[in-house]
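Have a look at the structure below, then the notes.
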């Protein structure tokens, strides 16, 4: 039986780039991390060490910095689209690109309602993401949110599940629901106001989470995805990853006290891991 | 020459606790991580394995959860003071306590200006901290901020430093100044409105950073500390740790382009590490 | 257009378990992290909040601990197979399981050639992994290595790649090749001596890396995969992920010195990211 | 009351450097992370933004790389001593240096007993550390180990501790003792064979841990420190940090089974935190 190369890709990851866009009355600061992956005619690179078709990952990195000067002026989706087309058009040996960008959030400082023109505060875990996968057949564009830590202190329960020999969990009609949510959705067009849409979809996700009477993480996940698809015709499908960050009531009974759902052990591991995609069809 | 026990301490770290405080019209959600360290008459525990004076770290953990029910109702400084006194008063073998609390920030979600009664968003890197060190001589109480990522796109330069044989850095009158700041300050009293003061001091730190015409990280650090001491008589001294998160201009010259201070390589390591304490005297 | 549930799964992640297996003359210590994911008839859980078919993730966790007592006695592959079959056979609503186990390495301490019966040293980044995906059509079993940090100081070059307008990388016939390798391979049977095979395949990977005259990461990756397929008929395909951990020669020229390939800047980001699968066919 | 500058320092952290030392028959690969901190006459830098006495941290970084060429040829202690003296002697404004180096461990690959001349495996969590603090009064040199994950499956108990109202921990004469140990010791001379001593002290620490009949973490910590002081007259004192990485017996009783000390929940947080210094006197 022969041995041969299967699926393969290569590129530069974690190209960390910041940019100052100087507006008339303030400086816009942006910080992103770009990853490029290329697929194509790279078989002899693997089997013979022939690098003649290899665009060095160092060159890819340079390209990202250079192109950012003129073309990173709006949403990360727009810049990712530009990069994807650039690598595809300038490299005939490349048959598919995969560009991913993560944007690190910074907000302008504000004092007594006045926004400062060039001072920023950053460091939130929540990040805006995008990916473009493009080949001769077209492209798929997604946007998303990563590490969105959301939590509700009530309107969440978990009851009616299977009771069997290894079940020890107690049913509850009132628990903390907390998740470090990741949402990724697919757009049906490359000509959208991505920045505005991102903000709107984010609000829809938060609002649905906040107002949902949750019977399970699964049900809340579905409601969040459904709300996005109902509201935004530009979105064709949405995937949600909702790890259940458990807040476990501390046992005060053992010390003769009553825990009226107020003191919890905040745990990281193990965690429930709930994933689902909501689609049209 | 004899061998003997020197300085020693023990306790429970990372007691991760969350609490819901139910107000009339909303739920207040708090998440903290408590560390307890005890010093005292523990020599025979070390030399003989005599545990008779050892308050098990598991018991310390239980104590934190139990006491949180009645006594974690306000600032983390207040709860730390309570815990410190509790351990000291209930354990004659303990001569010194060191309580540290880190609070993880959560904000109530708001939609169209309406704050939701029980839905929260968290995940910021910035954390509120406190520590109490207490013994028979009294106590030292500090509060602080950790992992405060702040950045300004201008009003920062670095010039006039030593030029010697291994100097390659170019002087600049206009650079990005970014730091993941840690500030820790000491209060002169245990009877303060800690929550309000924390917010005010945080604003003073941010404001000074934002409006300072920085000639170096050292100068900005000093200005920030000085502003806090000038404004808050309750603060006796303040220490600042300001790692310099470098944003290095990407060399566009090599590609025949001009980098007008707009495209940067955002780096994590190595980093300048600037620390200083500002005191009264 | 209707909205409906697409692909979905749920389970418990990071079930961190340790076990002592008491042999006649020594204690065997094992530490693993188990993740369970279930797919199946869970549509109404999402759309109606009907939990009647939900095996709580807490119950899954308990099940892992309970079954470890009798059934985690050999390789993690064997335990994963047992868990997978258990969840599938005992839950008619489940149509597909995905069990993943990561084993954290511990070695028995040895002094002057004598292995200690119950003292261990751990903490290596390298981990042994396995995954089982099983449904009515059968199962796919993989094993692998994660976070294997390997490096060679010579016998590695990178030349002959595309030179274009944004290329600044210099060709070299002698560079450091370093990678934090991840390898995952598929077995053709569930009745193998997995522990022995893992050790043998690991050695083949290391040996190929060490002795290969590398013209590129791609070529070394392919050689490593090819060697495994050539040597082990039990392996049907192998995927390798080889991030290029760059060690960049420090520019001593600027200080009138010569860097004879001896002093390097060790960098984490950005990094080349090379992935490839080697298959039979 | 006046406001003034208190204790302050600055320098470059995380200068990540790798070096190939070419021996006749093999390549020695070393990877270290160097941190430099300087104290001295820097008051006007803080108060006036006067940088004329500032050795830029970028220059410090360059200096580390340059000096590594000739002077990083043996132990990290030797290189740290050289760096410390260099910065102190060449910068009259500097009154105190603090050099810290962490070495990342790499081992040469071996196949059938043959050590490969230039292929390495790395990635262990355990690291060798050193620090030099030097001023006009002399210097303090320490060496140490960080992130040493050690564990024993028996010969460890914890009994006879205080039982009070919040005690729920059960006494045990047989438990897992696991710790991610940090040890730091001070040498009485700068003219020692540091590399050899490090290896010997490490073995003494491991051996004492392995063979100790532990009644508590405190007792084992003291025994480890005592053994080092007893064996190595060059060591004047040793500090140990031993977080107790708890392995908690899983409750099998609830499912009608017996946990004969064999199945444990491996936890990260909270953790007991035991620290102690053993001194001569």
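We just call them A, B, C and D in the order they show up, numbering each chain from 1.
Methods note: a residue touches a chain if its C-beta (ideal position, glycine included) is under 8 Å from a C-beta of that chain, and two chains touch if they have at least 3 such contacts.
The shown structure was predicted, so the numbers you read here are calculated from the model rather than taken from an experiment.
Colleague: Please tell me whether A-D or C-D has the greater number of C-beta pairs in contact.
Modeller: C-D
Colleague: Work out the mean Cα position per chain and let me know which chain is farthest from chain A.
Modeller: Result for the farthest chain: D.
Colleague: Taking the mean of the CA coordinates per chain, how far is chain A from chain D in Å?
Modeller: Here the centre of chain D sits 37 Å away from the centre of chain A.
Colleague: How many angstrom between the C-alpha centroids of chain C and chain A?
Modeller: Whole-Å distance between the two chain centres: 24.
Colleague: What whole-Å value do you get for the distance between chain C and chain D if each is reduced to the mean of its CA atoms?
Modeller: 29
Colleague: Do you know which chain D residues sit against two or more other chains?
Modeller: Within chain D, the residues that touch at least two other chains are 16, 62, 66, 166, 168, 255, 268-269.
Colleague: Spell out the part of chain D that touches chain A in their complex, as residue ranges.
Modeller: Chain D reaches chain A through residues 165-166, 168, 254-255, 268-269.
Colleague: Report the residues of chain B in contact with chain D in the complex, numbered from low to high.
Modeller: Those in contact with chain D are residues 1-16, 35, 37, 42, 45-59, 61-63, 66, 90, 158-162, 164, 166-169, 214-219, 221-222, 226, 229-230, 237, 239, 243-244, 268-281.
Colleague: Which residues of chain D touch chain C in their complex?
Modeller: Spelled out, the residues of chain D in touch with chain C are 16-22, 27, 29, 31, 62, 65-66, 68-69, 106, 109, 111, 116, 118-126, 147-155, 176, 180, 203, 206-207, 209-211, 247, 250, 252, 255, 257, 259, 261-268.
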